[in-house]
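What follows is a group of structures, each given as structure tokens.
One chain, chain A, links the two complexes that follow: it is found with chain B in the first and with chain C in the second.
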Partner chain A sequence: MHNVDLNQLASLINKNIPGANAVVNVAPDAKLDSSINIEASHITKTAQWLRSNTELPFNALQAITGIDWMESMEVCYIFANFDVNASRELILKVRLTDRVDPKVDSIMKVYPAADWQEREVYDMFGIKFNNHKDLRRILCPDDWQGWPLRKDYVAAKYYNGIEIYPEAKMNFEDRDFIVRQAMIKKAQETKAQ
Partner chain B sequence: MQSRWDIGEPIKPTINEDTEQLKSELLTLNMGPQHPATHGVLRIEIWTDSEVVAHVIPHLGYLHRCMEKHSEQMDFRGVIPYVDRLDYLASMNMEWGYAITVEKMLGTEVPRRAELLRIMTGELQRIASHLMAFGTYALDLGAFTPFLYAFDYREKILRFFEEVSGARLLYNYMWIGGLWNDWTDDQLDRVKVFCDEMELEAKKYHQLVSMNKIFVQRTANVGIMSLQDCFDFGATGPILRGAGYKWDLRKNKPYSLYNEFDFDVPVGTGEQGVVGDCWNRYIVRMKEVTESIKIIRQVFDKLEPGPVMGKVSKVIKLPKGEVYVRTEAPRGEIGFHLFSEQDGKTPYRMKVKSPCFTHVSMLPRVAPGQMIADFVATIGSIDIVLGEVDR
Partner chain C sequence: MQDGVVLTTVDDFLNWGRKNSLWPMTFGLACCAIEMMATGAAKYDLERFGCGAFMATPRRSDMMIVAGTVTLKMASRVKTLYEQMAEPKYVISMGSCSNKGGPYWQHGYHVLNGVDEVIPVDVYVPGCPPRPESLIEGVMTLQKKIANERLLRNKWVKHA
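Let's turn to the complex of A and B:
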């Protein structure tokens, strides 16, 4: 996937941005993708360097993702270079240990594409981006409670006083069928004993 | 901002300081969520200064179905119907991208016949999608007839898909490891005939609309997205190519068997207007239809009998790790970022990088300074599908 030597790139990042502490995550299998981990506090400087350097430039930001690993959060940036002769991609990761109130610097001044991508990560994971000029929910309604894509998210029962999935409107036939099958099975087992 | 009226600064009404009533202020106008020009449920808050757009704020989420959350509870085969509903005008290409992602992680070999048929269905779907874009774009600009022509021929493609997959829009046809069903020789012969018809038809559309004086006046020099804007926002597909940049994943980073095929990548040349405007984006799509026909014809030369389904175990278990795969859909690059745990039966996390999401985020950059009617033309030219934006 990458078309880029990650070890070389990591050492370049370490050389140009002191303290970034870039480490290559080598995938255990060749068919999987490797990535680079850096310190969360250096993300803006790294993004700036990635876009403006002449050795291995990345001219576009493809996506920003959050991942909830239960004990910590991770923000995952995908950069790409749209160049016929030097097409390359990079997965850059930042680990946030504070799961209650995770924060990371915004890179929307470097890549304007990050504006909406960061809003989506905030909407889904509650990760706050410092210096983002317009950080509000983008896909969920503004008054939505909770962070839907976190692993410990419990689906809401009410929204603005409206019941979600009211029992009167639910189709219980499928569920009853499974329950009935289980009861029949149990009865047969007791009979056999 | 550049507009075809070339008015430079927006014209301000003369303000009489003494009279309260004559004070000029911005008017907020809501376009959507049910406006026909937004191609779905998108609400755009427009701040207008008389007839000129001063600022726009897109509001998304009217079609948000928590697709990424749902997929965390589905097994890998069960995600495919959800993926269908992303870009419901090009479902085949969505399924294809997802199938490649899982196959890459699984290390499955797809039979050659299946790969070739995937290319054929993918390109047929691209034609259908571009026909839809062409028809509705003309409709946005006030021409009704092209819409009927385009839907006539789109219908023929949907009939093929209905025969082979059983559904007209949401197919669940490209499975992990291959295809659900094979095409019969009779069906393939009819696709051949369709290609010949479609080539003539594309020429007809070109004569009918492309150089039409009114159409050119409505689209040329309107909604200019420069190359710098495209890189800033990560735009792909016809937007990037319309800005004159020759970038197509099928050519530059070939997946499937595209490296065996001979085709051109059309780019906007500024024949009318300037590079990066609505007209150039439109013409890229129209030229891509012809290129797709070229690819489909080459598929017939290579096609040989064989299986269409590879060997995949009944329960798919993926290794721990991640994969990011991007493929070229009709609207731009669709990317799937898939995370799995050790022996994972469901995705741990799946992020969909959707092209239209990035393109809609460019609207606040291009809209200010346009007339409202030109703004409608700009929205139409980026060919939004909200299923993919809101996911």
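Let's turn to the complex of A and C:
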């Protein structure tokens, strides 16, 4: 992402971790960030190498996020090197083909910062991290049903006997902007006729 | 006034004492709590109204200012805190979120649509977040409400 030659880094990963299959994902726009995709099974080894290598080290994990692509899941890691003379950032992506029950190895032992980040991804997307010492929900209540940031998530009507969308308080018809715009458009069309 | 006599009704006397020593609970949920802190601090000085003593426990407080977004996870905790308060107890709902869900009203899967779903609310203070003046206005409204209470009649004389 920043101060990293991704092609060089990808070839280094391929050289040092056989089977990682690192591919540079070039962004279509200069404003967007390029990234590196690797095989999900090699994430722990890759993280180990990223942290410990001497050529392009990354000493910090900034964030882990999940992406729901409807047909598959993706986990996105942002690594960084906090060094005044050699600061750099990297977006590393891992594609998980099993969308219903996605699993990926935890990198908690390499980067301890991954602990809560992985718990949050698990909480929001239901992606299970193998070998995570304490994988449970972090933001939602423990008895929460479903994975809120999945595309097919339907918000619950009740939670512990509390009505989430009380009928008396909702006014969907008036407030639904798209519906209202469509109605205005239709009215204008009929007026023009 | 040294040997003077003050005549008043018992109700008025009790209400006077009550409304001028409302002790709120130290309880903030989100950004509205920052405004609540500002209200309690030197510039806006909630102590002028007798309610600057933020108590760190529900057992010693009369008033709960629900300042911020009440998530579904927090809803049961809010209810427990309210139940732990001693009677008489009053609730000010501060800000759009605790009034009616705020920006999470329609598409928030995790936010309670108004704290009045779980506890009774006396005064609603609109705003996102409300300025300290608004909260003071809410406190004054609550004081007016308390001043008009008929405690003795309501408690002991049924169907008066």
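Note that the second predicted complex is superposed on the first by the 167 of 193 C-alpha atoms of A that agree within 3 Å, B and C clash if a C-alpha of one lies under 4 Å from a C-alpha of the other, contacts with A are read in each partner's own complex, and residues count from 1 in each chain.
Just so we're on the same page, contacts are C-beta pairs under 8 Å (C-beta built on N, C-alpha and C of every residue); 3 or more make two chains touch, one makes a residue touch a chain.
Computed from a predicted model, the values in this text were never measured in an experiment.
Trainee: Hey, is it chain B or chain C that touches more of chain A?
Mentor: Higher number of touched chain A residues: B.
Trainee: By the touch definition at the top of the document, which applies to A:76: first (chain B), second (chain C), both, or neither?
Mentor: first
Trainee: Thinking of the overlay built on chain A, is A:141 touched by chain B (first), by chain C (second), by both, or by neither?
Mentor: After superposing on A, A:141 lies in contact with both chain B and chain C.
Trainee: Taking the superposition on A as described, I'd like to know which of chain B and chain C A:65 touches: first, second, both or neither.
Mentor: First partner only.
Trainee: Please work out whether A:18 is in contact with chain B alone, chain C alone, both, or neither, and reply first, second, both or neither.
Mentor: In the superposition, A:18 touches no partner, neither chain B nor chain C.
Trainee: Is A:160 touching anything from chain B or chain C once the two structures are fitted on A? First, second, both or neither.
Mentor: After superposing on A, A:160 lies in contact with chain C but is clear of chain B.
Trainee: Just chain B (first), just chain C (second), both, or neither: which does A:35 touch?
Mentor: first
Trainee: Which partner chains sit in contact with A:169 here, chain B, chain C, both or neither? Use first/second/both/neither.
Mentor: Second partner only.
Trainee: Which positions of chain A sit in both the chain B and the chain C interface?
Mentor: Chain A residues touching both partners: 140-141, 148.
Trainee: Mind listing the chain B positions that touch chain A in their complex?
Mentor: 60-61, 64, 66, 68-69, 104-105, 107, 231-234, 236, 240, 245-247, 252-253, 319-326, 333, 335, 337, 339, 348-349, 351, 353, 357-358, 361, 365, 390-391
Trainee: Which part of chain A faces chain B closely enough to touch in the complex?
Mentor: Its residues touching chain B are 1, 27-29, 31-33, 35, 59-63, 65, 67-68, 76, 78, 80, 82, 84, 87, 89, 91, 111-113, 115-116, 124, 137-141, 148-149.
Trainee: Mind listing the chain C positions that touch chain A in their complex?
Mentor: Within the complex, chain C contacts chain A at residues 72-73, 75-76, 100-101, 105-106, 109-110, 112-114, 117-118.
Trainee: Considering only the defined contacts, which chain A positions touch chain C in the complex?
Mentor: Touch residues, chain A against chain C: 140-141, 148, 153, 155-156, 159-160, 162-166, 169-170, 172, 175.
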